[in-house]
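Multiple structures follow.
Shared chain: chain A. Partners: chain B in the first complex, chain C in the second.
The block that comes next holds the complex of A and B.
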């Protein structure tokens, strides 16, 4: 009897769903197995308090690939990405720094802090635009392995080489700096306003146990501008209904092509016969077979749990052991009876429709990191905050609000281990810190959810709670993600593939890993 | 002021941070309130947007023969309407060419309000010859707002004393807002859930304030013509002087359009005993129209390639454009697009186009002219059925 499915995808995270959708679109019979009672993984919306919808984990769409939006017709399946209008950085002295979308408004605000920075801003933006254009094509292709002599890798390297040659000196030098410098140092070359440097450098530390002065953190700055390149696609913004609607739109597309999605279906292992993956076993012992199995879970879970070291070459096992997770990010989700009132910019206004960044200075961020270096959570954490209900009124009852606080650092390996008391203490620290800028916050909290890295691991299976399925640091990117020989979605087990954020190009609600994996698999199925 | 302020001007002028105004029938109309129209657009699809639509021409048609007059003028059947019905309809000259389009609302057995884009008093009076009917131009006495978007109903339900809950698409109800009488019709120019609120001009400011106050908790934003233009293109709704030329203004034969050529066959009721243009329309119906008014979608890859070829990231038109853009089938000109732009919701570059019938079938692949870095290029476009966007909430 022919197996009813041609491919099984483990994990209904957005990458697993993208992969399934592309396979189904190509006419393959695909089954997605998700352990939770809902799909989405780290891109999920849940009504945790009556009337209030939380983007539980990820909260903004960063780099969702436009080709995926087009190929899967995600708008038709309900995706509506709304603009985030600004970034507000409140300062301890009662002032603020705001970055606005409108050029004149932004320039005027920056000039208040530094006339030089107001000028540099545009030039910086231009260079980053050019750089991200140069880098962008790499996102859409399986990374060529520079150590390989296979024709496909040589051709891939050749194409990359041409990109770099075509960059010209200005961009090549900038790229080199971005790859080697810390974000703080890189920004020092451009700007003098502390809050501006800090807020910009924060994008280089998201999800990593790195500080703004750690080398290599500069590269991630580029990712920010890559979103802008796809500006018209609003690859950067807020998904109406929360980030779960990215997943539900992808799932709807997948189902429209005939894919089957099963929730409450935790996979315990991949079935391996004669060195080949032939399907999966669920926790309850049910066996499901298919000639192709694709894991959307992270590399450690995929190789160490689903496959097992005994089936794998030693280098791979070593490589996976060394692959760094070290989750450091936490989430505090609040239901509020009223909008927060920031002392620096009182009232309800456009600033509440953008991001609010608690990053007054580079020192502030670096100190937050120092705590984590020694196994403590930050006494004064970095925070990236949005108020989804200010952007989409459907997220909370009229006049009330939901607040999403992404906070760092809360290291997975907390000294003494995480306990309920420590979780509560971290939640208090976040709220106390934020209340210094918005004093009405504390009294308006109706419900609070604090999620630490161990919670992330427990809830959605992300090893060590790393939000990107493995740190997005340079030694773990491109042809090194997750490990050198197996960075092209395949694995040493025939018939087994990977499609999660733990593969190139990595984390974020981007879908690129899922798409690249599907195209690779379809290429082989032909 | 040479350009007339609407009764809402004391409020809208304060809100108009962009100072971007345009003319609309001799009135000042905000192009956008904020520095960019982006959020105003998204408010239409995500929350609610409030438009000042006072510059529409409004006529009160009253009397024993009111329905007969309107049935003589417009192409749809007015006699069959019930009180509370609203009709969207074009009207034609004797050649069956469109003069204007607007709505007819039946406010009472013998009382109607006609809205139009251009002045029509003289035409109505001329057509009323021998009929027992009074026609008043109430354009200045009646102020109007459109509240459009998914939260529009919730906002109005906070403010009105009933009538809104079950109000169906293209129905109208008489109710009040904070004690001020209004008529609310479930109509609009966005293709979304939406309402239009008709009021006496002296209540305009109080009603505006009430809406702003309640709307604040529902994501409502006052919105201008840039945002509206994008939404109406997505909804496939045509605009006079942009997508077609009124038969009143056409200087040459080829500038005229029949309802059939504007995709309005559904509005032409040839069962009616007689109306202006009927004979010509019956003949055209048998013949089939020479032109059709359709949607086209620009093929992204072909569009992007044109920009990549000169080393640029693709640049889509934000805000929407209004001009005539040639569309080709190989060496032949198949027609022309008249409005187009980037749909932030659908993530597509869309346009409304007039095509000769042989090229107008959905799925037909054509080429549209565009200018990339000062050079004329062509991008592939595909003919699609209008509207581009048609959410279930519009009708339910």
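The block that comes next holds the complex of A and C.
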């Protein structure tokens, strides 16, 4: 009797779901296994407190590849993205810096701080736009293996070489700088307003144990602009109903193509017979068989937990041991009785429908990083805040609000380890810091949830709580992600593939890893 | 007879360029703004330079102290790192047996990786964007040679390049002290801490040309040797007013005293900043070019303290860098424009030579940022720095042996040596200022936007603490261009 499934996907995160959807769309019988009671992984919406719905972990949409939205017809399956219109950076002196989507309004605001920066802003935007267009095709490409002599890889390297050369010298050199510089140094070449440099460079440190002055942080800046140029989304957006809507839309698409999704089905190991993956075993002992198994979990869980070192070559085990996670990002979710009232911009206005960034200066961010370097959480953390209920009133009871605070740094390897008291102390630090800018915050908190990197690891299985399934540093990117030679979604175990953010091109709710993996697998199944 | 060539600037690259050109039959005038030539120069000398300029016959001595480094142990003793890796491993065993076991393999891998760099440093940086088929052939050859390393070595090399030295050392070792003293080589002259990406490359860069298992640049008397060689008209202690340009081509150099030296070719080993922004009339440069030069990152972080002694100290080279965290905290201070309260210290013994009968210890102290958050590099601050240094080495160097002290701050280095912001490397060694990006893409091949004006020196590939390589490559470029014109 033929196995009921042709492919089993471990993990119902967005990449696993995207991979399953593409396979099902190509007519394959696919089963997705999710350990939790709900799909989505780090892209979930949950009603944590009666009436208050949260995007518990990831909270904005922007990087999701437009080809995925198109191919899977996600809007038809319920994805509706509302734009975030601004970024407000409150300053300790009572002033603020606001960045608006509206060009003229933005220019006026920048000119208030620096005429020179207002002039440079458009030129900067133009270059970043060109750069993100330049990097885009690379995201959708399984990386060629530079050490291989296979015609496929030689041609891949050749194509890549030609691609870079066709960019022209100016763009190639600009790309080289973006890939290697620190975000603070890169922005220093353009701007002089401290809050502008800090707020922009903050996007370079997200999810990383890096400061804005650490080389390598400039690349992540680019991600912000990739989101802005896709025709579908004008800017960073918020999924109606929370980020869980992204997952449920992808899942709906997958199911419409015939995929099966099982929740409460935690996998304990990949079943290996004669060096081949033949299926999985669940925690309760149930065996499920399929000729192809695809793991959406991060590389360490996939190889060390589901497969086991005894089945793997030493180089791979060493490589996984050296692959760095070091989660540093925490999340504080608040249910509020009223909207926060920012001293610098009082009242309820358009600024509350955008992002609020606590990043007054590059030194502020750098000091927050200094604490983390030596194993402490930041005494004055960097924060990226949104108020989903301001954009989508369905998220909270009328007049009340939900607030999503992304906070850094909260290092996984905290000195002395994370305890309940430490978690509470970190939550207090976040709220105290934010209260300096919005004094009514403290008295309006009805409920709070603080999620540290160890919590992320425990709740959704991301190793060391790294939100990108592994640091997005240069030495862990492209054909080095997660390890050289196994960066093309395949593994040394025949029939076993990887499709998580731990593979190229990596983190953010992007879906590209899932799609690239599916296309690679379909190419082999033919 | 061919038109004269003027070589500007002191330093080893200017000397090598001048003598290389003179050997090729050019008439060369060298304008050295410095008064005297240092007796010791650090960095890798390409074998071609030694051969072509007959340096061995002229008395070149490359120092090889053994142990090449000593580091104080927390309990009072010292860890000695020897040129013989087995002996080093033996010395390390007391600190950590696993580290001692890994030492030979680490040394071997770093030797292999540094050999890749040495090959890259023996030719101009590959121009990957060129349409010239000869250059493309050169790029293809490099790619092929790199490929021949084999999978494991190629992958480990590519992974190493963007890494931080802390991550690299954490992959190999467990001893804080060992990681500290090795990590110090990765941040030397850099405004970076050991956790910053690109510092593993800097570590490897300074290993090029060194004996396996020796991770400090070697010192030689190359400048003194070249200054003694004949064939170049060398004018020392003169100040340059401007580089004269007509119709986009150099015509010579004018000195502060009004002297005009006519030349059809000028090779400058001064920084791109000084050469192009200070000495060339801005009217000859595009605004984009000016902006690119201003954006070259150069931030001085090193102060030197010279101690003269009445006796030899008990070490050849001493490093105070007890851990990676220690280095990182020293850098933290610099980040906020403060002098490190607990600095990285590298002390090197210089034995008496010739007429000079005193012993000396040259201390390189990091981090001493050029720009300070408060105050300036005045006499009292320099005295405080000297006191810090003396206190730090007190256990290894008796205070009563010190005859005199002298401090060269980054501000002094900027004024006296023309180092941009006191940065001896003119352009920091970083991935975005490396190979075809060094110091800017349009200047990377030693030619400038002014006809007949060339650059060499620390800012130019491979630069940054190598000795004479950029001088040689610039001279070869000049000769190649001359050959085409004829």
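Note that in this section the second predicted complex is superposed on the first by the 521 of 526 C-alpha atoms of A that agree within 3 Å, B and C clash if a C-alpha of one lies under 4 Å from a C-alpha of the other, contacts with A are read in each partner's own complex, and residues count from 1 in each chain.
Heads up, the rule we're going with is that a contact is a pair of C-beta atoms (placed from the backbone, for glycine too) under 8 Å apart; a residue touches a chain by one contact, two chains touch by 3 or more.
Bear in mind the structure is a predicted one, so any value in this text is a computation, not a measurement.
When the shared chain is aligned, no partner comes close enough to touch A:298: not chain B, not chain C.
After overlaying the two complexes on the shared chain, residue contacts for A:464 are found with neither chain B nor chain C.
In the overlay built on the shared chain, the residue A:194 is in contact with neither chain B nor chain C.
In the superposed model, A:101 makes contact with chain B only, not with chain C. By the touch criterion defined above, A:484 reaches chain C but does not reach chain B. Look at A:455: by the touch rule set out above, it reaches neither chain B nor chain C. Look at A:70: by the touch rule set out above, it reaches chain B but stays clear of chain C. Touch criterion met: A:366 reaches chain C, while chain B stays clear of it. Counting contacts as defined above, no chain A residue meets chain B in one complex and chain C in the other. Considering their complex, residues 128-129, 147, 150-152, 154-155, 158-163, 167, 171, 192, 195-198, 295, 297, 325, 328, 332, 335-336, 430-432, 436-437, 441 of chain C touch chain A. Partner chain C is touched in their complex by these residues of chain A: 146-148, 164-165, 168-169, 172-173, 176-177, 180-182, 185, 189, 210, 213-216, 315, 322, 324, 363, 366, 370, 373-374, 473-475, 480, 484-485.
Against chain A, the residues of chain B that register as touching in their complex are 35-36, 38-39, 42, 45-47, 150-151, 154, 216-219, 300, 313-314, 316, 318, 342, 344-348. By the touch rule above, chain A contacts chain B in their complex via residues 66, 69-70, 74-76, 80, 82-83, 85, 101-102, 104-105, 129, 133, 229, 232-234, 240, 348, 353, 390-394, 398-399.
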